[in-house]
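There are structures below to look over.
Look for chain A in each of the two complexes below; its partner is chain B in the first and chain C in the second.
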Partner chain A sequence: MNPNHDHFPEGDSFRQSLSGRYRTASIWRTLFLSALVIAIISLAALLYNVIDGAFGYVAYEYKNDPAEFTPKPLDDLNQPELLAILKANLSSGAYNKLNNEKPMEKRSKADLYTLTLERLIQIDTKQNWSLTESLLRGAEIRAEVAEKYPKAKLEFRSWITPVFLTTPMSSKAEFAGVRTAILGSLWMVGIAILFALPIGTGAAIYLQEYADKNFINRVIQTNINNLAGVPSIVYGMLGLAIFVRVLEPLTSGSLFGVTDSNGRTIFSAGLTMGVLVLPLIIINAQEAIKAVPDSLRQAAYGVGATKWQTVWYHVLPNAIAGILTGSILALSRALGETAPLIVVGASTFISLDPDGPFSKFTALPIQIYQWTTRAQSEFHAIAASAIIVLLVLLLTLNAAAILLRNRYQRKY
Partner chain B sequence: MQNTHSKEYAIETKSLFIFYGSFAAVSEVNIKIEKRKITAIIGPSGCGKSTLLRSFNRMNDFVPSSYVTGEIRLHGQNLYSKDIDPVEVRRKIGMVFQKPNPFPKSIYENIAWGARINGFKGNMDELVEQSLRNAALWEEVRDKLKKSAYELSGGQQQRLCIARTIAIQPEIILMDEPASALDPIATLKIEELMQELKKNYTIIIVTHNMQQAARVSDYTAMMMLTEDRRSGTVIEYDDTKKIFTNPKDKRTEDYVTGRFG
Partner chain C sequence: MESSTKLKLENTIMENQNFRPLDLKKKVRLGESLIQNLLFIAGFLSIFITVAIVYELGKEAWLFFGDPEVTFTNFFGTTEWSPGIGRFGIWPLVTSTLITSFIAICVSLPLGLAVALFLSEYASLKARSALKPILEILAGIPTVVYGYFALLFMTPLLQKIFGEGVEVYNMASAGIVMGIMILPLISSMSEDALSAVPRVLREGAYAMGATKFETSIQVVLPAALSGIGAALIIGISRAVGETMIVAVAAGSGPNFTFNPFQAAETMTGHIARISGGDLSYNSIDYNSLFAIALMLFLVTLILNLISQAVINRFRQRYE
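Entry: the complex of A and B
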């Protein structure tokens, strides 16, 4: 018999060592499970925190009594009545300014109602509470409000509303919305993708299909991988130096006859974001191209295709879904970036919608950042609401990426 | 290694060496492949059969650092001379691969694409039908030409690959273990097809399956690693019958009788 046979445990001692092995395994399993639990708790805490801020009781007073303007309850007024009230009570300068932005007669009832509240009655928010507090201490809050602010109304409010999505920035939290920020963000990622997708895909094709495996190309490849990890503020500095300053004639639009802006435009921000996501897009596109099997390339070469025909007719069509998926994920990073925008010069208060690449702009993360730095707690509530908007946008993008991947997933 | 039977040759190699970097994968190959016959290349794994086959239509060009010395002649023209474009070589010398690799497109498009990129001006429907008929696939797919090639079975896919290859009217068809991924029935169909095809084309086939080589081929080249075990070469090249019944080389005899390899 093989002499090594005696060195293996048998019978009881084998079973003992086996139970030892299972013990070790179960310890590791528990560790992995707790890692997962910690991750889930962190995510849940994040979501809780955001949702907690976006809903809850708010106590507010009317600075001016509605009875001063109309004998009817405010909610029962119709559009012409609201229009008449505004016309009668606003200064003619303010009225004309509003009328210039959008003719008053054509505004909706909801719009006029908001204007009446904002300009005439003027809401004064006294205090607001988080969702948890509102749910757990409802009676206490009501008692507290009755005592401290006898004139105040208390209402349970969702700070995120359709109106919140469609109104521009305002200096009053009650009337502020994220339309300008959403449009700014969309313009920005649009420009970023127009810039980065063709360039990134082209670079990836070259690196993957044409470049020799020599020293220089390895250095380039390594640096692309490293660039994907460079802190975003560094890209902000780059954007400031190159796009905002050096290329100002281009990015301010003065080359195209736009006169009233400097280099701090959506165009600069979009290009900066484009440069920021470029390494990600290149790497993702390379992976997608790598996933196209060599047998397909050989099949094409085998029937007398040139390299270009092989790439154009077979490699790219089979890699395009992967390239787009990667680009969408890269875009969702651009959508959430804040630091480069601060450096490039996003406006923190702007109520005009961006109307082209050479507009001043703000973006969702900037808006959120700006609101969270305000002292009044009602701004924290609308910051939480804006975070929900941003998260929904990001999830939508990621869902689109997943759908695209599943739809075009190929089996070779 | 003399081939005394025929006059007309499709391909001739002259002291052919194939290198990967400084390593000679194949060395000193001198063979003449006869026109409109089936020539099998057999030998143990790693002896350079596929490398030799791929050198005939310059598919090895895609392996970085590979190069060739010596000559491979087609119509007296060296395929590796500077003024020869490898794309033109592959247009004349088609290839069928080990694993069926149809394009992820329709059956029709699989055939038509190669013809189209090579500037085919005739009637495409006719060409597709003719190629599929010649590959003994027409009856099975005539009603689903617009369907994806991936819906076909492995054996059908491989015949589609053969149809795709003959659609561009090559002179020579290289087959790199074309039946190794197929079941015996599909294999038989491919072998029958090869007998049909050799009426019009020269076929060179690499195979691991010695019965297959014995069944289908007219000539057989036996490859083996050289004594120092570094480089593959053709040790014997003759009529298939002779190789399998009365080989000159002891190593060939050991191999074909299953005593080695």
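Entry: the complex of A and C
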């Protein structure tokens, strides 16, 4: 060993360059860290932006004076009085339509109160403000409203309320809710998982337990990995071409005697979503099956079990937690997907609950998209509220997946 | 040798009347093979899905390109897209897709790479397990929510910074937010690539007196370059196929422009807008959407295949 001193500098010049190198190193370390900080700030900004939109002051006017309908203050009326007002002032057609949806006598006081506001008095939102503005410039806003809209009422409003969750769509932002959208999303995700979970698990079992390393199985595996990367809107086009058009007799329900719909139903959307999440479910299930140790299989074969007996009684029970965890994650992906639903033809204005797989539908992300692209800012406020609902749903699903994984996953 | 032993064994068994001849052949079990075939069909369904995508998109795209008005020079030679009135220049949709994707990559590649380097080379185990869920949350947020963020946060922010030249719908804000959306993907794939670099390489560099930064950049990063390249390609593919952010924030209407502060509709945004309306089957508009979708599918397919090939080669080198 002959150390080459030219390559190992010593002395002052070395020490000087060393401190320079350390400085560079620490500068870059800070830069790397700041990239992470930017990512965290982005997430915080996004969440702040959503929450900021969902609360705040709103200035509104009554289009018709409540005094035209009743001498008493509106808040003091009881259920029969509200009913009488509605009956007297609504056109008989409108009243009967409401009565058909749900008998008016059985509706709650709050329900009738909302109806009175929505149909008779009619709220006209003049302007609304974000949470930050409302908190920081409260006095200015009050002065502005008093000057610009002397007749308007100003109140601090949370746009996300229990009522928002349980009322159907409305063309007025103040009375719109996400009930039909949530139900539509749940129906769709349910159909998707019923379609994709058995097929996906079957495919994963085939690929992990049965498939030899031949050409066709390699093609299947590569193909699944590629399908996972296909843009979701392409799945939407596939759904439009196959489920909505070609299979219309099936997806519109006309084979089963449903006559009032075309192919743009929950069923089509659910199948499209099922095809979209299928590769994800297969890949996740493969990982879960891969994690089951070979010794279990060998032991089963050793006592004379057949291949399927081994898979059914030993591999699957040990992999099921992983498979379900993966499925829940796929499900949350399906819940947030918007583009395929637009293409398959989700309707944006549905005020009746979906009553089966063959009804027209809307979904939570579709409502968010629809409301975000409206020009009026009160629709942005309900878009923000719907986003909060969606994020809470997704968070719950993911928490469930993590719990499931921690609770049932066995370590070998 | 083996067969003769087997013969002898069988003969002994035959001679001894107390033994039933043992059948050591594999039994044909009907149920077992039925199940195996069913499972194969489940696996094969994925091939069927791909074939269906190519067939359906191809069929409608064929109708579109078969239209006598749609010529090659028309399609690639003009810059106005409006199939309903006979304008078939694809460029406005392509350029806006490229611009938004380019902006997204400009945001997500440096940030994602820096995050990956920090997490894999600098962060302690504890810090990493605390920080990674944040990125996972970022990755799990639905894209329509990013669209809301782009339109109602990023665009006003850009307008504050760059003034009135920024339109309400613009490619820049969609691109930047798309970059934030892709960041977790690039950082997690890059981090996997960086962590796969064997420890000996780092130890070797430290032994030569390299600082942590020099080791990371001059030794670990080059060794992981192919994996990072794969991450970049997947990132591009994701950006090209992303729909909701551009549908909400980039503008609604094809516009041939290179100014990122102007509104311009991308390929995906166009499909979303047109198919969202009342679209009659077999119209030129309907067929043209499938032509665009076919282009999208092919581009992303090729990108994904390249990325997978790169990853496979990379794995072989270290494992």
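By definition in this document, the second predicted complex is superposed on the first by the 379 of 412 C-alpha atoms of A that agree within 3 Å, B and C clash if a C-alpha of one lies under 4 Å from a C-alpha of the other, contacts with A are read in each partner's own complex, and residues count from 1 in each chain.
The rule we apply is simple: a residue touches a chain if its C-beta (ideal position, glycine included) is under 8 Å from a C-beta of that chain, and two chains touch if they have at least 3 such contacts.
This is a predicted model, so every value here is computed, not measured.
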Of the partners chain B and chain C, which touch A:306 in the superposed model: first, second, both, neither?
both
Using the superposition described at the top, determine whether chain B or chain C touches more residues of chain A.
C
One more residue to check, A:369. First (chain B), second (chain C), both or neither?
second
Using the touch definition from the top, say if A:296 reaches chain B (first), chain C (second), both or neither.
first
I'd like to know which partner A:108 touches here: chain B for first, chain C for second, both or neither.
neither
Can A:206 be said to touch chain B (first), chain C (second), both, or neither?
second
In the overlay, answer first, second, both or neither for which of chain B and chain C A:16 touches.
neither
Quick one: is A:314 in contact with chain B, with chain C, with both, or with neither? Answer first, second, both or neither.
first
Check the residue A:406 against both partner chains and state whether it touches chain B (first), chain C (second), both, or neither.
neither
Of the two partner chains, chain B (first) and chain C (second), which one does A:161 touch, if any: first, second, both, or neither?
neither
The intersection of the chain A residues contacting chain B with those contacting chain C is 306
What residues on chain A touch chain C, complex-wise?
21-22, 24-25, 28-29, 31-36, 38-40, 42-43, 45-46, 49-50, 53, 198-200, 202-203, 205-207, 210-211, 217, 219-220, 222-227, 229-234, 236-238, 240-242, 245, 275, 278-279, 282, 306-308, 332, 335-339, 342-343, 345, 365, 368-369, 372-373, 380, 383-384, 387, 390-391, 394, 398
What part of chain C is in contact with chain A in the complex they form?
29, 31-32, 35-36, 38-40, 42-47, 49-50, 52-53, 56-57, 60, 110-112, 114-115, 117-119, 122, 131, 134-135, 137-138, 140-149, 151-153, 180, 183-184, 187, 211-214, 217, 234, 237-238, 240-244, 247-248, 268, 271-272, 275-276, 281, 289-290, 293, 296-297, 300-301, 303-305, 308
Residue set of chain A touching chain B in the complex reads 212-213, 293, 295-306, 309, 313-314, 318, 410-412
Which residues of chain B touch chain A in their complex?
57, 59, 62, 64, 87-88, 90-91, 94-97, 99, 101-104, 113-114, 117-118, 150, 161, 164-165, 167-168
